């Protein structure tokens, strides 16, 4: 089973690389890695940060009010969200990019075209990790090469299927830190045994499960960058 | 009337069976609280696993609010029995022991006797609810602390912020009180019909079980009667944990339950007023 | 001036389905009476008492208590009544004193501790005031029942078979207590019993009930007068005696004949004259005994009642 999957990954990788080379590469002067590096250069300026975040969920099987939390980051990969209540977050933490794209030697980047995203002309770059052990099978990034910002990304993972992340930036664009991130995730059917279920809202039972997607919006504010974050916070 | 109610309360207080309810609640609550304290994560494993297939869930899920909710959900099955155990005996118990003869020869109207017994039964029910509240919410918060409430449904979960839970629990206890008052008025009515003390308790529970079965079975013919069964509305306290609270549904259910109380009490008063005391 | 009856029952009837427990009963009880309500088991005594106390509703007829219609003035009337109906059943899980307090409060009176002590002392239970009633013997419960009738100081006391289950001393105590209630406390007592001698000893007026109907009513002394006695003789030769009676003036006094026994209905003063005549006629007799006519009648009622009960022919609803 595993071998079959690996074989499919290899085929997919080869197809993407070939198609990219055939149709797009000659048109542009910047290589995909160079485009990614514009982003990485911005990331590199961030040693640590804290920010307030409002987490809002739109998931068919979870009814939850938006909640305010605080996020903490410290290089290279320390990350923590703190909230007073229960928090539903994407499995990929918001610094997913930092770790995934930082080392260009770990993946092959292939540009597949150009698109307009939120009025900006972006380059679409596919990232194929070299390590088969990586959860990520294929990453597709919509990067604004001028500003060095990822406006959109689509991650195909082994564990979660496809995840779409749409970013918008504000005052912290200099550090490639977004003001807003919208995660769109494939969700499966949710069913728990009657023995522990209360079934208070019978009206939702039998409703169509929407488009089968769950959405989480993270709205950041009050960024404090490179002012030092205590290691104890990550315990 | 206050004199009558206080006499009835005194009698309830002095009957050993009145303490069964408090004891049973204490045992169940403590048992569940200890179990959740030791192995609460396993209880929710199945739910958490499903959420964590796609998302990450952070925060204190096992908390006083969840424990209280689980306890309310569990005890709603047992509470009618505990209430009927006392209220079903209020008149028939006196008929069985013969003290009803003296009671009815006193210068108080029979309607007042029934109503005072209902009022005393209601105070007892209220005390049971308060006891449940103290043990579940009070002790729960003390042991497990405050936190957002994870409400489990078979097809979805709802998370209510901790600031939103207290008033919902208070209202849930009020609704639970009204629900149990239906049970107490039913058992009191049945208590008027017979001279043995166990009959009304068994019949009350049988009616509740029967109505619950009719209410649960997805057979179209039952759809017509389901809205009129008090058992259908006894679980309306759960809707308080929806967001937003379906107020109309809540009012309708409360109205239906109050109507049941009124009908059961009227039948009880009418029957008892005209009953020949032959015991 | 005609005294107003404390209890006035007119044309009272009660049926349970097709069974008539009380039929067209008329009764009057006056202030200061110890009224004996006599009847065999199943005669309708308890049914009548239950109607008096509004435990059951009459099928027809009226009851006036203290000059007022019971149906319209129920609470005012029963407030002035203390009663025991059949056996005294109390809250077994409460003490004697607490039972008395509760029943007094139900009558609208919060009794002082001294009042509770007083009535318990009156019935000889003062030392057991704080014991739960479940520890009491039947006799003690019966005495507590009487205490309960007195706790709110009523005008009328209704006692339904108050000596049932008591030992001989207990019966005497209750009898003395009833006398005390009438003589010293000026209470009116309505006392039901199936024992004539009990009524005879303490009642001033009485009624005899049979099959739900009053068969006799009046002063005890009048009803149980010695004017009319049933004299039973056991003779050596009954045939000879009968032949002799048939030709004498005593024939009109012959009451009944059975084997060697025959009964005459005589006044007390006629007995010596009758026995003298017998001796003169050479009729020897072994024994002579007399009973009062009403006593004889009641004895027969009681015997009929108990034998019919044994045959289980009469439907018994109450009593």
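So that you can tell them apart, the chains are marked A, B and C in the order they are listed, and the count of residues begins at 1 in each.
Quick note on the criterion: contacts are C-beta pairs under 8 Å (C-beta built on N, C-alpha and C of every residue); 3 or more make two chains touch, one makes a residue touch a chain.
Bear in mind that the values here come from a model prediction, so they are computed numbers and not experimental data.
Q: Which chain has its Cα centroid closest to the overall Cα centroid?
A: B
Q: Name the two chains that are joined by the greatest number of C-beta pairs in contact.
A: Top-ranked chain pair by contact count is A-B.
Q: By mean C-alpha coordinates, which chain is most distant from chain C?
A: Max centre-to-centre separation from chain C belongs to A.
Q: Between chain B and chain C, what is the separation of their C-alpha centroids in Å?
A: Spacing between the chain centres: roughly 51 Å.
Q: How big is the gap, in whole Å, between where the Cα atoms of chain A centre and where those of chain B centre?
A: Roughly 49 Å separates the two chain centres.
Q: Could you grab the centroid distance between chain A and chain C? Build each centroid from C-alpha atoms only and quote it in angstrom.
A: Chain A and chain C have C-alpha centres separated by 100 Å.
Q: Write out the stretch or stretches of chain B touching chain A in their complex.
A: Chain B residues touching chain A: 43, 46-47, 50-61, 69, 73, 147-148, 150-162, 164, 238-239, 241-243.
Q: Any idea which chain A residues touch chain B in the complex?
A: 59-65, 67, 81, 83-91, 160, 185-188, 190-194, 196-201, 204-205, 214, 216
Q: What residues of chain C sit close enough to touch chain B in their complex?
A: My answer: residues 50, 53-57, 74-76, 78-79, 81, 83, 85-94, 102-103, 105-108, 148, 317-318.
Q: Using the touch definition from the top, list the residues of chain B that touch chain C in their complex.
A: So the residues of chain B touching chain C come out as 3-4, 7, 10-11, 14-16, 97-99, 101-109, 274, 276-278.
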